[in-house]
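Right, I'll just put the structure down here and ask away after.
A, B, C, D, E and F are the chain letters, set down in written order, and residue numbers restart from 1 in every chain.
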């Protein structure tokens, strides 16, 4: 019983997260402005990370934790760089 | 001493002498090189003469050592009578020429170089004559081309000398290549390159299907060298050489190499209709045309050159006939021609030397000033004309006698007597002209040098000697040249040696009548043409405009340059796009063609269901990839963002497919790459999406083609990928790794154990790649200069700085400070946490996902974040990374760990693993692989930091550059105002 | 040796969270934490003066509650659209808070709580520009920020 | 698929599923909002749903699941939550400020000008 | 799974090839990145596509069940080298841009 | 080889690596120290190469297998030393030494980290020659390429950067092809070890084998790009002529690396068995096209650098054709040719810089155009007296002449010997009555034609350079610049005189290559050190 519950929940969650990623990707493509695309990427990152965590629950393995942690801790850096590029035209001054 | 060894001495001496002369660095030294050269020639001559008794006894001297025995190329020397007589000829005339040149060459000429080349040439010529291996022969053959090139171009300040030399080299060089092919074919036919074997296999050779091509190639070699029609035109142009060179090369030796070759291979190659046709046609045409052209030359040496061509034609014609008697005549004429032509060249040289010109229109009445030279020249040219009592007469009579004989039933054979007589008449005419125009008539008035007088005696001596030979041979042939000729002839013809008589008087016969006709006819021709010749332009009428040299040059330039350039542009490109197109295309072909040709079929496709989330992921991924491709042209940032998205999907895929290590690494690389490209983006030009360029039809077609190519590649990759993914490998080496990673590598993360242990050597190479790339990036950026339109501050900063400047309560840079005020605090506080993460990733690598590479990237991202947060100055004020030290340390630690195994007698990179008992903590796994991984970690940190920092520094550098330029322009402005 | 004890402690905690608790890892984690703290020290950040650190849990609780509340609110706005009269808009607000760390915390709170975003802080004027998704009236917002967070933060840091 | 889930009591499974669905649902709503909201400044609010309770819910689900299934405390996922919470605002702040600058530079209206700006 | 992955590889290859055949240096570098994703997935794929398996050796799980680690190791090396070469190509295109003043792969100016 | 000398096999890789690492600790300003380290490493490498070259040759020219990490083949990576790799190592070391000494005059000080990159290039090249593992080959190819990128760009400047960018872009794509090829091979055979692969090929099922062929084909393209086969070669003349002289000199071995790998793999994998002769037609046609294109290029070149670059293509085309013909005797001749042409071209590239130094740019371009339009021929003043050339010019002239003779394959230097050996083998001398095939005829004709083309082109440019433009400043040439050139030329002389023994070596080598069982057995049966075949230290 609990297996079915969890299986359904995980599948549903993964599906929703994938949907969220798709929406973010659409925003990335449509823009209209660079800032929208960048937020789209950030959002894509976060949702992908969540997907990894759900994947961990789904498989019962903690081994995918590193990837999620790396996104959580370092994923923002490329977005920061992109934002700074928008603001200053230069990433590192 | 064994006489056979003399052969080596003979051959080596000139080369040694050449070397010695070349090393006389004092270019003004005159006598030393002459002494060396003369000594070399004299000693060699002595040696060869001392060999005569043996040779005359029918013995063949041989000397051989292996050179390239695998292919039958041996350094084998061989001297028979024919070779002997040529050796003596080369050496004796060489000796005379050396003596002559001593006086001929001017004080300004670098003498050592001249004699060095001359001796080397002499050596090469001896090589041709003495080679007992046909490949060795072709080696020396090409050497004569090379050294004659150097000798002709001796006065390379003169354009004519350069051009003449180059033409000679090109034609005889190409001829040499042809000869080599011919010899290779001959070797193929005979099965050996040994001259003896070749000469003994005449019947087999003539019957072989490859006979004709082989013959053509050999003849191309021989005829070009002997300046036979239609390759004759290089010889007159070679007259730009110093006269001693002409006397030696273009009368006695080099041009004789061709006919020498024809005579040498006569027993093996001649006697066929092809031989007669090819050799005879070339010979007869050359004989006639050469003589005809000679009459109309205005340059003394030009006349002699064409005369030489004609006489060589005569010899060639004789050799073509396939009759032993004709061959005797040919050999005899080779010797005779050498004597009278060498003396004539030298006489011409004296005239040139004394008067400053060789133009017969200017020369006149020189007999008054140069009585002895004149007399000698007269005798020599009489011999050239074939006047009785001189050696030229004898061989020409033999030629006429052979011409009358019937050899083959063809039109040429019928024509031959007439051609011979006509050529004889021409020869008489130009010989008379040579003498009459120069030595008789009124005293010349237009000479560049006034008061010509007789040269020093020793300069004239060679001519005197040769003229004496002409006379002695001409009058007492049987007692002077007779035995030597017999030896030579016997060694060529062997059993075919005919009976012949070397008498002056054979009674009144057809040849004699032909001779008389020629003499009278020649005199008449000269008398008729005299007036015309005195003033006409150089070259024969009608054909004057047709200069072989110009034609040759035009053809050469057209073929070798214009066509070549056209073809190079058509077949090649210097642009990147077509090159990449080719690469992709060939890659596609190479991958798919084998599959297509052999009818490969993918295993039947069974839908096993797919994870819907995974499918959704890739719908997103594909969309992002397409978006990236679509936006990359005008929306760089957007493309970069979307590329990041694709990368993320790839990472997720790795997680999905149970490869967390890949996911982590890919993620980290993704982050660093994004920042990296962003750093670069600042220096790229602005793009205006509004200006959608007008697309021509061609451009559209090109795009369509690229698109089709891209789609084909994609389909191909999909196809192959699917095929290979659905075909699991039963017995992969992976199983070994899976089975043994824990027990023998001490790690549960098999991928990491492979990286640092099983295949640690790959990793060592991989970090070397990263290191060298970082160095390259650094080196290149040190000299980086941005384009003019990127020199200015980015637009955003200009606006923000203006804002700061315009408000009184703000300082420059306030905007960016406020912008980063809050974020930078967080970014700074992330620093220690990321360091901890890096250590964590590093430590667990062996058992769990992670490892040196990921850890290194993580740490460098920590550094990068500080640069982002505070700027370069701020960051470097606080943390000074010394990337080179990290890199060097990393490489050293990694390789030292590998070498550590040597101490225990194990191969490089053998790892050691055990659990250590550590107090308080307990068992701790300790693998030497961890140390190796530390090296990886250090290198990755160093390299990544070096790349990022070097790029980041450009902004500062550019500020400095801008400041310098600004101060310069200000200073210039101040100066300008000060001057006002 | 320990320039930032609280930081070092957090790092040890992080290490133990990552690796699981064991004596060995406590020791190793302490080493790593000290090492990383030195790294932080090298950056010479402005050292925050924590005066009443015991108020921190209170802050966290406030944020926790707000996050739940505004999550619901924003989700509703997205799914149903905004109620009539409600608009999104910018909001400029003066701040008395000066400590950089405190400002950072405030910014993080305001931004991570759905419905409000910290846009621009003017250091000379000492006011901040916010964007609010569901702006009923400015006063309520200003009041909430000032009383709920700024006061507490000033107590903790200044 | 889930090996250790068999050991899990149903209430625990329900709890895990609840948090999982809350988290992913919020993330999805955030994404919907991100796509639907009309202006950039409104859009920046949407992803915070995912980064706040979206992450919270899923991390909580993970913690619960692993702690309950292996009957030992597995709380390391909390690190993800903490770091996401701390770092996301950085991105949003920087981006929003950059957008503000761009809008001002291009005089797109609708954004407050800086005080006393010329 | 295999189908999805193959199609993904194919489409990324298509995009990558299309981009590397374009005239702008930036397009080329993006194209190379896309291509290297495709190739990395390809390498990974040759080991067989196995989802939901333990990535590391665990007690009780037969070792041979794991994903083929060799392609993974190869991909890791390829990722690293790809990263390095991307950095290098970026810098070279910057240098070229600085020296020629434009971002055409042949250093040519616009228009031609 | 036993005992510690066994470890010598890996020394050609480790020495440059360690030197490069050490060099990183020295500041750019400490040039002398850097030069000394680099030189010492290269000399040491030379010694090792000689020792390996002269090492006791075992059965059929086989010398040694080195199991890295003490893992048995095919699981670990192996280094394999046989006649071919020993020869290539020696060649690389000699070339490295010459170009390094040359660079010390000037080039090493012009940009940063020259020596490190130089050493790593040697490491990559040596590794690629030694390795017996396909993926490891990729890694060393990349090491070599990465270092070559750096060296290619060394000195910067528009020409170099443009040529370098093309070079890099193409090689990046080539690297991707390499990866695709290797992974396909692994995916179908389950192994990366070359010997193991050769042994497994007969056992692979047919449809899998087809995929393996596809992989091998793609892999081949990657090597052919390096070797410079038409139409994958357009980058080569530009890159080689734009590179700094010592770099171009060293690059002479890079194109041979491509050839080496193709030779090695075709002999090993496609020598016999189910895949016998795979790709030989492709090589034959590709080689023919390359040779033709090289000849055209040689003729159309105006500048010496491009002429040399196209000569590289001629050399590659010849080798590829020979590989396509796949005849033992011809191949051994071709091996001699490869050594000779590598030495020659390296010397030539360095010489070009010395010759062109002090010449105004574009002079050589003028030479041909002037000739083409018949200008400046008659108008020139007659100058009867010879000009005493400055000693430098004379020396350079002699070197140039030697290079021209070698490139054109004129007697008596090794260029001729090598071409003769090939041609003679093609003509089948010694085996009476076997008529050469059409392919052989074509190759022979093209080999001769290439000689003619080189003769024409070299004499054209040479005459202009040395005799027409004497007014130009006499180049200042340092002893350490001319000595390397002379050294390489002297080596060709040694090759000429010692043609017999050299040829014998080549024959032994080719014989060993055409007998892959020996190689396969040697690799597969190499025993790890320690207990009963298991990794002892593990």
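Keep this in mind: a contact is a pair of C-beta atoms (placed from the backbone, for glycine too) under 8 Å apart; a residue touches a chain by one contact, two chains touch by 3 or more.
Remember, predicted model here, so these are calculated numbers, not experimental data.
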Each chain counted as touching chain C and chain E at once: B
Third chains touching both chain E and chain B: A, F
Chain closest to the middle [Cα centroid of all protein chains]: F
Identity of the chain that, by mean CA position, is farthest from chain C: B
Which two chains share the largest set of C-beta contact pairs: B-F
Centroid spacing, where centroids are CA-atom means, of chain A and chain D in whole angstrom: 9
Centroid spacing, where centroids are CA-atom means, of chain B and chain F in whole angstrom: 15
Inter-centroid spacing, chain C versus chain B (mean Cα positions, whole Å): 74
Between chain C and chain F, centroid-to-centroid distance (C-alpha), Å: 63
Chain B: positions in contact with at least two other chains: 574, 576, 580, 584, 640, 656, 660, 681, 717, 724-725, 729, 732-734, 737, 759, 762, 766, 769, 773, 776, 780, 783, 795-796, 800, 819, 822-823, 826-827, 830, 833, 848-849, 951
Junction residues of chain D, two or more chains touched: 1, 30, 32, 44, 51, 76, 79, 83, 86-90, 92-94, 96-97, 101, 114
Touching two or more other chains - residue numbers and ranges from chain F: 135, 139, 142, 146, 149, 153, 156, 165-166, 169, 173, 180, 184, 186-187, 192
Pairs of chains, among all present, that meet the touch criterion: A-B, A-D, A-E, B-C, B-D, B-E, B-F, C-D, E-F
Chain A residues touching chain E - in the complex, by the definition given at the top: 59, 61, 63
Contact footprint of chain E on chain F as seen in their complex: 135, 139, 142, 146, 149, 153, 156-158, 161-162, 164-166, 168-169, 172-173, 175-176, 179-180, 182-184, 186-187, 192
Interfacial residue positions of chain A with respect to chain D in the complex: 1-3, 5-10, 12-14, 16-17, 19-21, 23-24, 26-27, 33, 35-36, 38-40, 42-43, 46-47, 49-50, 53-54, 56-60, 62, 65, 68-69, 72-73, 75-76, 79-80, 83-84, 86-87
Contact set on chain B toward chain E in their complex: 574-577, 580-581, 584, 605, 607-608, 610-611, 614-615, 618, 621-622, 625-626, 628-629, 632-633, 636, 639-640, 643, 646-647, 650, 653-654, 656-662, 665-666, 669, 672-673, 676-677, 680-681, 683-685, 693, 706-707, 709-711, 713-719, 721-722, 724-726, 728-729, 732-735, 737-739, 741-742, 748-751, 754-755, 759, 762-763, 766, 769-770, 773-774, 776-777, 780-781, 783-790, 847-849, 853, 943, 947, 951
In the complex, chain A residues that touch chain B: 11, 14-15, 17-19, 21-22, 25-26, 28-29, 31, 34, 37-38, 40-41, 44-45, 48, 51-52, 55, 63-64, 66-67, 69-71, 73-75, 77-78, 80-82, 84-93
